[in-house]
Amino acid sequence: MSTPSAPATSATEEVAHAAVDLSTSIGSFHLPAPTMTASGCAAAGAELAPYLDLSALGAVVTKSVLREPRSGRATPRMAETPSGMLNSIGLQGPGIDAFLEHDLPVLAQAGARVVVSIAGGDPEEFGELAGRLAALGPDSPVGAIEVNISCPNVANRGLVFACDPGASRAVLEAVSGAVASAASASGHPALPVLAKLSPDVTDLVAVARACTDGGATGLTAINTTLGMVIDPVTLRPQLAGVTGGTSGPAIRPIAVRCIWQLTAAKRAGVLPDVPVVGAGGVASGADALQLIAVGACAVQVGTATFADPSAPARVARELEAELARRGVARLADVIGIAHEPGRGPR
Amino acid sequence: MSWPAGVQEAAEVVSARPVGAYTHLVLRAPEAARRAQPGQFVACGTGDSGMLLRRSLSLHAADPEAGTLEVVVAAAGPGTRLLAAKRPGDVVSTTAPLGRPFPLPAPGTPAVVIGGGYGAAPLPWLARVLTTGGSRVVGIVGAASADRLLGTSAVDDATALDGIADAVVVTTDDGSLGAPGRVTDALPEVLLELSELGEPAVYACGPMPMLRSVHTTTREVLGERAQTWLAVEESMACGVGVCMTCVLPVVDLDDDDTPTRMLRACTAGPVFDGDALRWDAIGAAPHLRGGALVPDDAVGAPVVGRAGGH
Amino acid sequence: MSTPSAPATSATEEVAHAAVDLSTSIGSFHLPAPTMTASGCAAAGAELAPYLDLSALGAVVTKSVLREPRSGRATPRMAETPSGMLNSIGLQGPGIDAFLEHDLPVLAQAGARVVVSIAGGDPEEFGELAGRLAALGPDSPVGAIEVNISCPNVANRGLVFACDPGASRAVLEAVSGAVASAASASGHPALPVLAKLSPDVTDLVAVARACTDGGATGLTAINTTLGMVIDPVTLRPQLAGVTGGTSGPAIRPIAVRCIWQLTAAKRAGVLPDVPVVGAGGVASGADALQLIAVGACAVQVGTATFADPSAPARVARELEAELARRGVARLADVIGIAHEPGRGPR
Amino acid sequence: MSWPAGVQEAAEVVSARPVGAYTHLVLRAPEAARRAQPGQFVACGTGDSGMLLRRSLSLHAADPEAGTLEVVVAAAGPGTRLLAAKRPGDVVSTTAPLGRPFPLPAPGTPAVVIGGGYGAAPLPWLARVLTTGGSRVVGIVGAASADRLLGTSAVDDATALDGIADAVVVTTDDGSLGAPGRVTDALPEVLLELSELGEPAVYACGPMPMLRSVHTTTREVLGERAQTWLAVEESMACGVGVCMTCVLPVVDLDDDDTPTRMLRACTAGPVFDGDALRWDAIGAAPHLRGGALVPDDAVGAPVVGRAGGH
């Protein structure tokens, strides 16, 4: 497996007292640090500024942006679960216009690198959003697009795209097509496109393959897993949305397994060698290292941010310490190491 | 934003003592103590690895000199049970101060501060600030029964409004202490009395049905002649504005189109203008235990047939 | 939805100080109490005798029995995870002969009702095991067979049966065929057959439907969900078996969701009205009530037994208290209640 | 089974004190205290809801009169860290006594008791029982460095073998206390000395590589003339025999076919006859950190090409 190339320059500048080169990249998108926020877990990003330096993160991943403003669901929208939580927000957000007008400039101002998560009800909506973002050009802070295919397909009884290889592929085709047109029109390199996978499928690799066939240049794994909590008083579903997405450390073993499966498929040649961004239950540097060891080149920190708003930055510091303690000089040296008996530390 | 952002501190428990049915905790969090204003809250970790989310607690007091925050905890579920059982020397992970404080009225404005159960926790501090501003302040504290009361010297001196507010009215639903009935039964008389001094400001903290009743009662008694500031208690996952779980339908009173948006109680609140809350949508679905619906006219409200994602 | 019939007689006798009728049934199999052990979490059952009264449980579910003795996997076989654990035991067991000769008589002696879990590498092995059990007749303590289809299909690259509707159906056909032959040969009623489902599928209801089409007269949901942990020292998979099954409270939201989906499908007529036995993360009476409210007629207590060997009995006592506190007289009155706005307590 | 089953008790921490790098806890668990024998262990809940599984700890002592169990905890990971931080008055959920105790030799048999690190915890109690049975007992305790030592009065009197065993040898790998080297460096001389009194019994507790070395050394020095009883420390999920996670490949020495089975360390052990352990398969895969493989000749060993389920 070829690990993503890691320019040795930037890391030592960006990460204080860096003994370890933590830089990584997702295609053409270079990150000085391997931790990001997770979509929907950092609002527009600026809310975290009091607790961490947005410009020192690998990237801020925005909550999923839609074409129109969206109110989201009724409340309750969350339930705490053992070592995790359920959420059912319903993609509340201001829509792409307001996002571009208000939210993105704040992130640019803060010096953040940005991954914009997009969602839609049909491939066209995804394509339109991707086109808007791709048209921003290289001066914008947007370094990649993450495609949230774990949202309901209006044309197919609300079945989420990510549970259907064909639908996933159609969405990725629309997105990558829009990104490619913008790139050829502008002459700038195309934005990397990450397809964000749901673990709630029988054959994860088949969906991932459909996404790369559709033009995804990277994968994010994993989104939440579908769960439910019954209210002890009403004996009815606790969330207004009935079911919700389970996140947090409870699902970390599932995330590690999914990233392992994707990386194993890449190593077996079943899946193209695209970068995988890990997400799911990361709350510490040691957790991040698990996801990296099975193949993630970068890691998103979601639910942990709710307990500790500095978590995305703290996890990077802890990861650095974990690697330094093992005598690892470059993050790139441990990406996917769990697949390689005999390689690496110890 | 005109108030300072929260700060994270590992706060040592300086003291812990029972107050009625509750636990009064003093936490050493010097930076938060320097910044905090009445109406704000602290998000506390439980210390249990299986319970990720912080628990929000109203600030009862903040002492910038001593570098301490004070809270009053009701052991409601597993997390608050752990917090209520903390002992001196334990360390609690805190983020504070969070949320918008109570807006203060023009100096001299008469005010009533109303608390239900542990909702009385922030009132003595608020009353102190108001009286310092020259307000006449009447406190009303109530609970279902005497053991759930807070804010009166009949329960505990150190956390009482007595000696701070100009008068304190106590009610219990079962009549076990003070006047039998609810806080809102005592409210009309207080409003009428205070309105002789000017248009009163009404501050309330407690469960949503109580807040609704405070708002309705105020409007019934004084018409539009009083502003209500209600500190809501929505279920919160993060407390810092990043999760969107704590939203309420709120009208933008400053916008002539008065659009309704689902606003975050943790950052836009927890203190809201009672006139801005969409009472028709709040608590409208009994099977959701006080959850709020999205009004059809809200910005981005669901279009029938369009399903939402998580 | 019709709730399983609940004979009012036995419960008050069997459960001490019973204010609530906790009895339930799975087809012809009547249980005085709704909690069972979970397969693989109580060994042969007798190990729990010092900690609880085996005869007071709804049933003892045995670890999955195979045709031959099996050593299981190398160690480490477990990893603790947030609010859960991974296991990779590899179906260690003595084989059906030794099970019938040594283990079952001990359970009979203890007065336990027994659900025998069976596993195999192909439908024939399942069928043979079911035939052996069905031939025991009504004097044996065996009240039902649970078919562990979450084990690898030798004929299909080790893909687990439960991830493939066709393979699941073939296994259930073999089992129900063997049970039916034994019944018609003996004149005794056929043993109920529970198909135990894996949550690791895109369409749970489709697999459930394949099982009932194959002759399953009930369903157990859920088995563990596939997970993985990386060892912090070696940076290699911590389990000798690489991946493992995640269990415990961490997966309870997934179990509740799965049972909800199955029950909703029954109510919608998409799935026949067969009893569903719940499993997944139950550690208290309140937890059990969640699974029951979404449609489980009985509940298995697995991983919680590792922390508290009396858990299967304690959960029944706590459930009784939960129901008594709500003024519910019969367990049957709350089965599936989460689906029925307006019904039941409050 | 010739020893009593475990019992579950909510054990109050009577005292907690540091002993070298470890914490010595006294737990009130009267029923377990009445039943326990040396070599058995207690499974302790951590009290944290995110860590389900109990932690196994060797019994250092059991006092049936006082109704107490004693353990020595090394803070290895998150669970033992919580246990090592318990304070008097805290309650620990316990299941004890678990596992097979050390088999006792014929009265008067000379014995050596060997412990590595906190592995020395059960030795004083065992030594007392052995000397009461007329054995001459020599203790050997060792560790990587002085701060990880246990069982010698150089560290702590109350948990030491001194005054119980007839002689105590101390070793440290770095020579910071006692003889430089490993416990097994000191073993040959002790074995030779004791073998003049009879065929000695060897009891050892500690990490698997140490146990292996004790067994090998004993066989090298005395041939078959000594029985080794080794208390293993396998990773355990339940401690009571229901999960099958703690297995080891063990030969059935009583069966002429000497079949190997994967036996549960919690119920068939934790004390095993050193001759019965399949040393060729134990710790054979370095990437599994001491895990044990299934020998090809084990009962029900995997047939190539047949995959197993969970």
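A few remarks follow.
The letters A, B, C and D name the chains in turn, as written, and every chain counts its residues from 1.
Everything that follows uses one rule, which is that contacts are C-beta pairs under 8 Å (C-beta built on N, C-alpha and C of every residue); 3 or more make two chains touch, one makes a residue touch a chain.
Just so we're on the same page, UniProt names per chain: A, C = Dihydroorotate dehydrogenase; B, D = Dihydroorotate dehydrogenase electron transfer subunit.
Keep in mind the model is a prediction, meaning the values are calculated, not measured.
When the C-beta contacts at A-D and at A-B are tallied, the pair with the greater total is A-B. On residue numbers, the C-D interface is repeated by A-B, which shares over half of its contact pairs, out of the options B-C, A-D or A-B.
Rounded to whole angstrom units, the spacing between the C-alpha centres of chain B and chain C is 46. Taking each chain's centre as the average of its CA atoms, chain A and chain C sit 36 Å apart. Among the residues of chain C, those in touch with two or more other chains are 82-84, 233-234, 236, 244, 248-249, 341.
For chain B, residues touching at least two other chains, in rising order: 49-51, 287.
Chain contacts in this assembly form a complete graph, since each chain touches every other chain. Here chain A touches chain C in the complex through residues 79, 81-84, 86, 163, 200-203, 225-230, 232-237, 243-244, 246, 248-254, 256-257, 260, 281, 286, 289-290, 293-294, 334, 337-338, 341, 344-346, going by the rule given at the top. For chain D in complex with chain B, the residues that touch the partner chain are 48-51, 78. On the chain B side of its complex with chain A, the touching residues are 5-8, 45, 49-54, 79, 93, 95, 234-235, 237-248, 261-262, 267, 285-289, 291-294, 298-302, 305-310. Contact residues on chain B toward chain C in their complex (touch as defined above): 49-50, 287.
Across the complex, chain B is touched by residues 40-43, 47-48, 50-51, 63-64, 68-78, 80, 82-85, 87-93, 95, 119, 121, 148, 150-152, 154, 158, 160, 224, 231, 233-234, 236, 240-241, 244-245, 248-249, 283, 303-310 of chain A.
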